[in-house]
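Below, each structure is written out as structure tokens.
Shared between the two complexes below is chain A, which pairs with chain B and chain C, respectively.
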Partner chain A sequence: MPKQSRRDFFKISAALTAVTAGVTSTKIKAESKDYIPDKAMGVLIDTTVCIGCRKCEWACKVAHDMPTAPLESYDNRTVFNEMRRPDHTALTVINEFPGKELDRFPIDVKYQCMHCNTPACVSACIVKAFHKHPNGTVTWDGSKCIGCRYCMVACPFQIPAFEFDKAIEPDIKKCDFCFERTKIGMLPACVEICPNEVLTYGKREDLINIAHNRIEIDPDKYENHVYGEFEVGGTSWLYLAGKKMPELGMPDLPRATAPGVSESIQHGLFAYFVPPLALYAVLGGVMWINKNRKNSETEE
Partner chain B sequence: MKKNLLIISFLLFSSAIVFGQNKKVPVDHAQVKGLTCKTCHACDIPTKENPCLINCPRDLMVTIYQKPKDAPAEIIINKVRNGKDLYSPAKFTHLAHSEMAEMSGGCVSCHHYNPPGEVIPCSNCHSETRKRDDISKPDLQGAFHRLCNDCHRGWSGKNDCNACHTLNAKNTGNTKQPIVSSNKSKGHPVIKTPETIKYETPKANKGKLVNFAHSQHINTFGLDCQSCHKDETCIKCHDQRDKSKAKPATFTQKHKNCLACHDTNNTSKCTMCHANEVKEVGFNHKARTGFDLSKFHSKLTCVRCHTTKGKFTGKNSKCSSCHGAWDQTNFNHSKAGLKFDETHAEFECESCHKDAVYNKPDCSDCHDDKSYPKDKPGKLVR
Partner chain C sequence: MEEHLKPMPIKQKFLTPGVWALIIIAAFGMTALLLRYILGIGAITNLSNQYPWGIWIGLDVALGVALAAGGFTTAALGHILHKDKYHAIVRPALLTAALGYTFVAVSVMTDLGRWYYIWHPLIMWNGNSALFEVGICVMIYLTVLYIEFLPIVAERFIGKVNLPGFLSAFNNSVDRFLRFLDRVLDKTMFIFIIAGVVLSCLHQSSLGTLMIISGQKMHPLWQTPVLPLLFLLSAISVGFPMVIFESIISSRSFKLKPETDILRGLADIIGPLLAIYLAFKIGDMVIRKSFVYLMEVNTVSILYTIELVVGIIIPLRMFFSRTLTKSIPGLFIASSLVILGVLLNRLNNFVVAYTPPYATSAYVPSVGEILVTLGFVALEVLIYRAAVMFFPVISQPKPAASVSKYSAKGV
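Entry: the complex of A and B
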């Protein structure tokens, strides 16, 4: 072993730290690899034309073979008296909020999985049960899932729902963007049934342009913000509204993706195995110094 | 000769064809006033294949007008092709709706984009199917429902599908055959114009009541409904929403319609309309403006002088304000009630009438001992 001076040791460890830091920072800036602009589809929800008829809730359940009340019962508007969330019995729900001014129409807002460009659930899942498809869809695979429910904790929109009432083979339930339908060229069930075409299905890039165009044409009607364009790195589902979305039951989220931060720290810790080696080197150095010290003590 | 006749008859026949065709072919829209190519087209040279139309130019729309009676009374809306037929087609009472639209925006309320010429079907722009290439405008189903809900949501307070559709039997297990809504195709009942409307104005300092002479504003001042009821929607009368929480109207909003003619911002004039008890309303031109109509102008309608509709200012009591310049050649003095004798017939008006309003004449320029009305320069004719 070549003799290493104390100065050399500090030099090496400082260099290693710099490399680690550099790797970490570049990772944070990197674009999501899951988002493919040419293929990514999306849905633009224009809440200003939603009348809260809840036909989407019914169509969603029918399309996913979930038990549902008859269609007529969806005319019942008393459900709006309390806030609801998508759960394992309903993958999408509508909530109603007071209008922009008190004498204006109420604002109805549909909730479902946002199908993030960089999904936190995909990142958090330790068995790769979640998958981000090129068309933007985020799906869940029951054959891989071990039921750890990390996805539920990771999701910034708190969408994945667990069938707590099932003792045997409980599933994670969330909107799958009607993956089986869109695969064969059909529209998502909710988009197809919406009488007012509140939901517009198309390429995400096109939808963003359309959304900004609508704001430009009618700036009094819309809040100048397309929710989901940048939130947590962008989402497939986008919202237009007359109020700020955090006032309409959606979380106020930063532009940075949740996995972007956590993954860059986690991956940075092991990047090219340099940081662990550096750690070993530090520990080895400490051992070596201590050993030398002991040797010199015994010699004396 | 025969040949000539043949040619003439051929010419007549062909011109008749051309004329007939001209009636069907839309008016050449490039010649419509106030339109430039850029109003509707994005590119410099639009072609039939690529008209490069601007995305829904709602504000600059070009449109047509048709009398409600000329349009179909009822339309069954069955063009929408959107997967499941959950509901039966709606029967749309076009006559009733177009008559209601007459009270506010007119045909444009729904036919928001229509080049001059014939009424184009909505499906020209709005796709009959939801899955389509151009997603920048709503599909036909979305476009229809948005229009319906604009009013129906407001005035009935609910927007359940059953208001216009019946649920198709196959979806409910209901054995009843699907039926089409049986709304009778009748127009909107005639709206009676009120004589007067009493407005309570508890906040006004100068009086708690305004007795608005509604019929007088129509009959005497020649205003038509649209002069005040401009952008009226159904909700104006049929609102069933809870208004108790609504913001009270501001001063400007309340006086908006009056302000077009009355100076509502002048606080010294509040009592013109506001009073503490019901005021007998009546318009006295002399008292209000200082110009007496009773003598020579009593039979005139307001618009004879106040030619701009809804505008009653800008005139003064000088004759020239309405009549233009007068001199002895173009003014028949007999109409004023006095026929001149030969001596006076040739004088300039200003020789006797020193003021611009042609009041009492002054004889002192020529006569020391005579004065009007004791002595007259002619004969009274009435």
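Entry: the complex of A and C
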């Protein structure tokens, strides 16, 4: 009886469909639960004053015990011939872009982990190896990581880097906002060494005010946008620039947080384990009915 | 039908020219695999900080899970909807699923940078992570599949336990234990069967949730909040085609008569299932207006079109044609197309659609990655062949003499 089985199957698939579909319509949270305005620190990067000396790159490596060439070699500006990305050998790098038309100076932009208010890596990590601290820092815990690299798939800024060349204990490497230094009252290494005050360390809320003030005072110099204020729900690191940031190597991102949709689906599907248990009960019921029907048929 | 068909080990020669070819492919694959464990992932793959996931996740894991869907769809049909007619295909589908998921687990481990910490998710939970959900569900489901397979093992050995050497003293106790196990499982199996279906629905859909967090790094043709639903529907619709595909191949390989009647019955169900999948896929495309990306001709739009037309629409039409589903070649081609469509879909979702912002060149799998993937497939087929020769899995016409207590059992 193909008709019969077909109808049963429609029933089942309809039930499954309802479970999944009901979930996707759940409202997507826009606010971050990890973001604590009173405590969250940040860094404002004013790219208009950066001269591309790359001392921050050197200081970062020294602070993180990573191999580095001597400081003098960082004067070599030929590295700007190509676009670089932070990776497992350098947690922060600077790229150089041509300046605005009348401006003869090139634009130098420093990249590192943005320390999102609602980080995709923290949400994605299968073993909670990433942690968002009250001061805004996102750190990685090597004792938990299994090396699945889902954080790299998830990160909207494509920041976490993996030591592909290691067969044993490969690490995920990314800027840790110098968590060990800020904990004891020191400045992040890059902020401390910057000779031109490109980097301002402070409360994120204050930095946003400072940024908007600077734009107000010199609207010709700045694009009227504080990059990181709202992008993917806001980031600890903020940018001011004379050009739009997507022209300066940063992705053009929406205001919705990166993990919002996926977490809503995930929590909808598993809301107090009701949907899986309900499905179990429905299937059990169907099985029982069919078995009884079969039995009564054979009895007749 | 069941009256004269009974699952039995197949008594045939293991080694054939085809099997030798598989052994060679498997050997190459395992060599590449060895290099991955000695030298690291970077040494033999084209993965990078821009492309952290390649075909090992897209095909070995995601497609592997999808193609093992025959296990839960036949269990639902045979046991939950109680269609006794289909009992003959439940065991082969179960074996495929158990093997498939075993290789999924091995593939995941191969792709993990710190593979020796694969057990971490068991004690370090992150309820927000779709990957955590997939991982836990697959681990539990794999256990359930092994439990579902236990009665077949018990059936194989009950009354035939013959341990070597001094262990033979335990022959009787092992036999008694197997009989006990068989009795207990017979009473409780329904718990595991339903659990298997629920777990499958959960992780088949969560596998779709995986890429959602990558946001705009994923091409809008595929990036949609209904991805979990599309993954579940495609898994359900590829389950039976996979059973048909395997059944026809193994009956050809072992020179058995194909179970035409059963396969045709399955074919009648595939059409509506594919139609539901297609409806949601098209509906999603219309609602999100993502069809605008099909207006321009490029790799992405071509692959999407092939996935949709060759993988869903053509086989859908074929499964609704009485004449085509009556013929074994027709069934085989239609089923292969559905499988190809899902293969392409998973590859598209995890590899093609993923366009990281700073990539300077596109990801193309390395020779090493391809060898490992092919090697796993070859090894899986070889183990399947060995298993059906050792365990009573494939139903065959019953010789009159071999009637025993356990011959009447359905599972």
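Assume the second predicted complex is superposed on the first by the 240 of 300 C-alpha atoms of A that agree within 3 Å, B and C clash if a C-alpha of one lies under 4 Å from a C-alpha of the other, contacts with A are read in each partner's own complex, and residues count from 1 in each chain.
Heads up, the rule we're going with is that contacts are C-beta pairs under 8 Å (C-beta built on N, C-alpha and C of every residue); 3 or more make two chains touch, one makes a residue touch a chain.
Just so it is clear, the structure is predicted and the values come from calculations on it, not from any experiment.
S.K.: Have a look at where A:166 lands relative to chain B and chain C in the superposition and call it first, second, both or neither.
M.R.: second
S.K.: Touch test for A:101: chain B only (first), chain C only (second), both, or neither?
M.R.: In the superposition, A:101 contacts chain B only.
S.K.: Just to be sure I read the superposition right, which of the two partners does A:254 touch: chain B = first, chain C = second, or both, or neither?
M.R.: second
S.K.: For A:124, select first, second, both or neither according to whether it touches chain B, chain C, the two together, or no partner.
M.R.: second
S.K.: Pick one for A:201: touches chain B only (first), chain C only (second), both, or neither.
M.R.: First partner only, chain B.
S.K.: After superposition on the shared chain, which partner residues are touched by A:183: those of chain B (first), chain C (second), both, or neither?
M.R.: Neither: A:183 stays clear of chain B and chain C.
S.K.: Which of the two, chain B or chain C, is in touch with more residues of chain A?
M.R.: Tallying touched residues of chain A, the top partner is C.
S.K.: Determine, under the contact definition given at the top, whether A:266 touches first (chain B), second (chain C), both, or neither.
M.R.: A:266 sits against chain C, while chain B stays out of touch.
S.K.: Residues of chain A that sit at the chain B interface in one complex and at the chain C interface in the other, please.
M.R.: none
S.K.: Which part of chain A faces chain C closely enough to touch in the complex?
M.R.: Within the complex, chain A touches chain C at residues 2, 5-6, 8-10, 12-13, 16-17, 19-21, 24, 83, 85, 87-88, 120, 122-129, 144-150, 152-154, 156, 158, 160-170, 249, 251, 253-254, 258-259, 261-263, 265-267, 269-270, 276, 279-280, 283-284, 286-287, 290-291, 293-294.
S.K.: Provide the residue numbers of chain C that touch chain A in the complex, in ascending order.
M.R.: 37-43, 45, 47-50, 52-53, 76-77, 79-84, 111-115, 117-118, 120-121, 124-133, 135, 190, 193-195, 197-198, 201-202, 205-206, 209-217, 225-226, 228-229, 232-233, 236, 265, 268-269, 272-273, 276, 280, 354, 356-358
S.K.: Tell me, which parts of chain A touch chain B in their complex?
M.R.: Chain A reaches chain B through residues 49, 51, 53, 70-72, 75, 77, 101-103, 105, 185-187, 191-198, 200-202, 206-207, 210, 213, 217.
S.K.: Enumerate the contact residues on chain B facing chain A in the complex.
M.R.: My answer: residues 55-56, 58, 82-84, 86, 130-131, 135-136, 138-139, 141-143, 145-146, 149, 153-154, 158-162, 167, 171-172, 241, 243, 245-247.
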